[in-house]
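Across the two complexes that follow, chain A remains constant while its partner is chain B and subsequently chain C.
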Partner chain A sequence: MGDYKFARDKLADVLTSLKEYQVFAPAAVGDVLRFKEVTDPANVSLDYDNTTVPPKELMFPQTETLFKYRLGSTEVEPSVPDASKKRMVFGIRPCDAHAYSIVDNLYGWDFADPYYQKRREGTTLVGLACAEPCANCFCPSVGGGPASEKGLDALMFDLGDAYYVNSLTDKGEEFAKAAGLEAAGDADAKAAAKQGEDALKKVARSIDTAGIPEKLPSLYDHPFWEQFSDRCLGCGICTFLCPTCHCFDIQDEAEAFDARRARMWDTCMFSEYSLHTSGHNPRPTRKERTRNRISHKYSYFPEKFDVIACVGCGRCINHCPVNIDILDILDKSKQAEAKEAKTA
Partner chain B sequence: MVDEKKLQEKARETLIRDDVRRLIGWKRGTYGFEAAPAVVTDASQAEQLIFDATCVANPASFIAIEEKKPVPRGAEPDTRKVAVMVKGCDSRAVVQQLVEKAYAREDVVVLGIPCLGVVDRRKAEKLFGQTGAQVSAKVDKEKVALDIGGDVKTVDRSNILMDKCLRCRYPNPLVSDFLLGEEVEKWADDDFADVDEFEKMSPEDKWKHWDEQFSKCIRCYSCRNVCPMCYCVECVVSKLRPQWTRRSTDISENTVYHVQRAWHLAGRCIECMECQRVCPVDIPIMTLNRKMTRDVKEMFEYEPGVDVEAEPMLACYNPQDPEEYIM
Partner chain C sequence: MMDESNPYLPYIVNIEDARYETPGDRAIKTFRVTFADDKVWDTWSHSPGNCAMVGRLGVGEAMFCISSSPTEEGYLRFSIMKMGKVTRALHELETGDTMTVRGPLGNSFPMEEWEGKNIVTVGGGIGQAPLRPVINYVRANRDKYGELQVIYGSRTSEDLCFQDELGEFMTESGTSCHLSVDVEEEKWPHFVGFVPNLLMEVSPSPENAIAVTCGPPIMIKFVTQNLLKLGFAPEQIYTTLEERMKCGIGKCGRCNVGHLYVCKDGPVFSYETLKKIPEAFA
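And now, the complex of A and B:
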């Protein structure tokens, strides 16, 4: 659609002009970055690699009230978000926007999840292309890229003195108008395209995913999983920080007579995730849980929705305390001989 | 320094033994400033094992969290030993686990490694940025030399080692069956200056500090799971009946979790700093642990994880306790 730009020192002005939106942008607490609602545009900086916690929390918060009720009463008060309230995620990386488009499949499948969908509908995604991919990024291997437009309404490029903005949808156009952006020239568009091409060459890690979704089920009982699961701590880092992991638990909480039903992120890496009421656990050890995490992303999800549930953001690699590296696992899965598999 | 060839030879010798089923040590990670913990079961895997200043993880964490499948009817449980490589700090975890009877002394083979300190990934990444290279590191009494993909960088110890190393009092393993390398001389002492510094804050500022820190928590429980002293089969925070801590994340529940975690380590924390190292959102968990360590030391004259013969602090009574805190 349209080509726009704004001067680097006008960032705060652009954000200030977006009054009709509730704007979220990366914010730091110490060394840790997370998307927060912008309260002071002067403090927003887009000089960042990526947030530690992915912006998935803006569409499905870690803890979210589904409805409220009073103990002893049969009436419930739903807490579905209002889609008419305009929100904007400003400066989201292409991988994280790509992740929303993958998770949309799940939340719009057999039951259209109003909590997720209302938030998605009401939100404009203004992306920021990556000029310097991080050490463990591999987005091009899974259908993305440092300047991928997937799922975005507009994409910004940091050209030094100015940000070049490419609007991609009607929502993106609306943002450009609301922010009063000036038109960009051919030179800016060329500089942005060149930055995108250069960034793509800088992505150091990769995996050829061809054949992986079909092969993983044949490795179900294969001992190679143990090379990784033997040192797995069984914590929630890889899944909670994954922009496409979307599992939740539902619990009721009461304070005297005031109660709510809420859902909160859950993870298949916790043993209680698959624990049955009987005490039986079909995934009794970290081997089965590690296998499930990888197979879900690279086999079960693509089988159902025809897309790999991984965007190559590298968070699970960066933050795993014991170096369980998803690219290493996928690589070993390709080498593993299916016929070696134990028939347990 | 430890001779890697000798370390691998000893590992091979240990894995060949009929009474050993697995060995926990370190291997080079796929990238970056931290080696990966390695669990190996076959002598042919011994050549993966390494030891250098990137070997920060505590292998003792993996002894008690191993999940075993139910033994089939009629079959005998595998009672062979687990071998574990430990630095000085790691060895305190083994000592404390033995004190608590998490397992018996004859269940483990301890391969001790005298250590001159290990690299803090956060400090290294501040200095050199994140790297995709498989970094190796040599440490001596003054400097740390990092090989970052062929590019050798030399840094003063104080700028790159883990804080625990800068105040380390136990560089040599306190329990071991074999020592891999010569014992080293202790270079530091611990005056709890960090705790003094924190205590200077007003109560209001402390609340503000912890509110901000605990608000970040995503309850991934990596601090609990990596802790060598957190080996309960069912953790109190995972219990549903009764549910002592809600699963929802907010400042109240997060605080309950962190205070609970800290108190359950009173007189047990051996300060390996793994909880703080693994935290994805940089919560300074050790600040709580360190305060407790000093309180335990002053109030009970007790130091966990240094004496295999000791009684657990909360299971013993000493009429000579200072008792200054009792009104």
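And now, the complex of A and C:
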């Protein structure tokens, strides 16, 4: 598709011209950087490494109403989002767009999830390539990269005095048209390609994932999990800030007679997550829960959907209060000797 | 089938009959329900083993097996033990009340594949609920299956579910029924001991047979071991798994055992499948 560009000082004008979209861009909320709806284009800056909170909340809100009802009535009113309302995530990093394309498998599997899918359908993803990868990024190890196009409708490169824009889909073309972007030249395309290649070389951390999905199940009873789970606090930040973590709880809530059934983020790192009503818990300690978190991303999900459920964004490493590092765990798993687990 | 555009929306069902199977703090109550909207029956189709999320608006829902066979037409049955928040709220309901049903969910027993075989069911306590549709399906299709052996036990004789039907099995041609209680009781004419021991006492032949076992995890474990001792191959042994569930449609994450979602890939599994998945026995 097309190659475009806009001058750096025209960023606010570009955003202002996107009137038909509800636009979300990175914004500081206290110490936390996250995607917020743009209210004043003049305040938007794309000078950031990555957001603290991934934009998964734009497709899968932290709490979301499934349907509303009146207590005592049997009529329910679904709250499915309207896909015709156009939204845009502006400046999303390639890893976070890649995450959507991974999670799409789950929400489209067998039963389609209309809440997630309608939001996805109605949203245009305009990415921003990473010129300077962060310290704990390892996106190329898991099928991504600082300039990966996976899941994106358009990808922007910060070329200093201008942003180069590569539109990748029809939605990307619509964005370029709506923003009135000018055509880019060969030199811009070359500069962007060069930046992508250079950035790839700057990614400091990596893991060779070959063989990990097949090996992890054989480490089910291996003591190496305890090396990591022993210091885990069970806070769940690794999952809440993970762009591919998608687990949720469902609760009925009521205020006077107005009630709703809602779903909200949940985490496999909490004991209540898998606790049976009988009191039995198949994952009674943090050892089993850590094993499930890692195995789900690197073995169970790929077994089912043929793709690793990790995009190498490094958030779980950056924000773990006790410095548990997923790459250390994966590295140890490669060295650990397989053990036959006991079944019945 | 459910509203394909939104699998989170439940059907409203009317309770036509609600009765206690067993007494006590953990009473089991059976609900016979039918859809408030009669048209749902035109598209509804379930098989033995299928489950449904059953609930009450304002409280929540939980996963239960459909304990009626599709050969019992015009209603669905659920047999529910009083355990937690949702089941306590369901137990408050009586004939004439409404509840919600989302389903059918999950996979089912391969009843067609089992045609021509002898069927052995080994149940413990409320575990008889998922076996009931298998038993009634075989009884309704008598010419398609061999012998039916029902092996069933509970803690005390009061804790046996579906007592009115158990008597019928004992006198019906082609069906046998073997009962047990865990501890000695006055006037109890049947076996005393745990279900895995009752299984060894009955010693069903593995030849051209399928064994299906449902009950507490510890019972399933020992029944499986004993079935293997009796010569049943892993692919002749089936069970159903239970995990905590919220969505029932393979999205919310929590019911996985290894790479399998119990809500979607299960609840029915052969031991051939499960023996490779240690978490299935956690």
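We adopt the following convention: the second predicted complex is superposed on the first by the 338 of 344 C-alpha atoms of A that agree within 3 Å, B and C clash if a C-alpha of one lies under 4 Å from a C-alpha of the other, contacts with A are read in each partner's own complex, and residues count from 1 in each chain.
Please note the rule applied: a residue touches a chain if its C-beta (ideal position, glycine included) is under 8 Å from a C-beta of that chain, and two chains touch if they have at least 3 such contacts.
Note that this is a predicted model, so its numbers are computed, not measured.
With both complexes brought onto chain A, simultaneous placement of chain B and chain C is permitted, the two fitting side by side without a clash.
Of the two partner chains placed around the shared chain by superposition, neither chain B nor chain C is touched by A:28. Rounded to the nearest 10, the superposed model shows the Cα centres of chain B and chain C diverging by 90 degrees about the centre of chain A. Contact with neither chain B nor chain C is seen for A:183 once the two complexes are overlaid on the shared chain. With both structures placed on the common chain, the touch criterion links A:249 to chain B and to chain C.
In the superposition on chain A, contact is made by A:53 with chain B only, not with chain C. In the superposition on chain A, A:136 makes contact with chain B only, not with chain C. When both complexes are overlaid on chain A, the residue A:234 reaches chain B alone and has no touch with chain C.
After overlaying the two complexes on the shared chain, residue contacts for A:276 are found with chain C alone; chain B is out of touch. When the shared chain is aligned, chain B comes close enough to touch A:321, but chain C does not.
The least CA distance from chain B to chain C in the superposed model is 7 Å. Once the two complexes are overlaid on chain A, the chain A residues touched by chain B in the first and by chain C in the second are 249, 251. Interface residues of chain A, counted against chain B in their complex, comprise 29-32, 34, 49, 52-53, 62-63, 134-136, 204-205, 230-231, 233-237, 240-241, 249, 251, 253, 262, 264-265, 267, 270-272, 284-286, 317-319, 321-323, 325, 327-328. By the touch criterion given at the top, residues 22, 29-32, 34-39, 57, 61-62, 65, 67-70, 122, 130-132, 212, 215-216, 218-222, 224-226, 238, 246-250, 274, 277-278, 280-282 of chain B touch chain A in their complex. By the touch criterion given at the top, residues 66-67, 69, 71, 73-74, 76, 78, 80, 106-107, 109-115, 217, 220-221, 246-252, 254, 259, 261, 263, 266, 268, 273-278, 280, 282-283, 288, 292, 295-296, 299-301, 303-304, 341-344 of chain A touch chain C in their complex.
The part of chain C that touches chain A in the complex is made up of residues 4-10, 12, 36, 57-62, 83-84, 87, 98, 217, 220-221, 224-225, 242-244, 246-247, 249-254, 256-259, 264, 271, 274-282.
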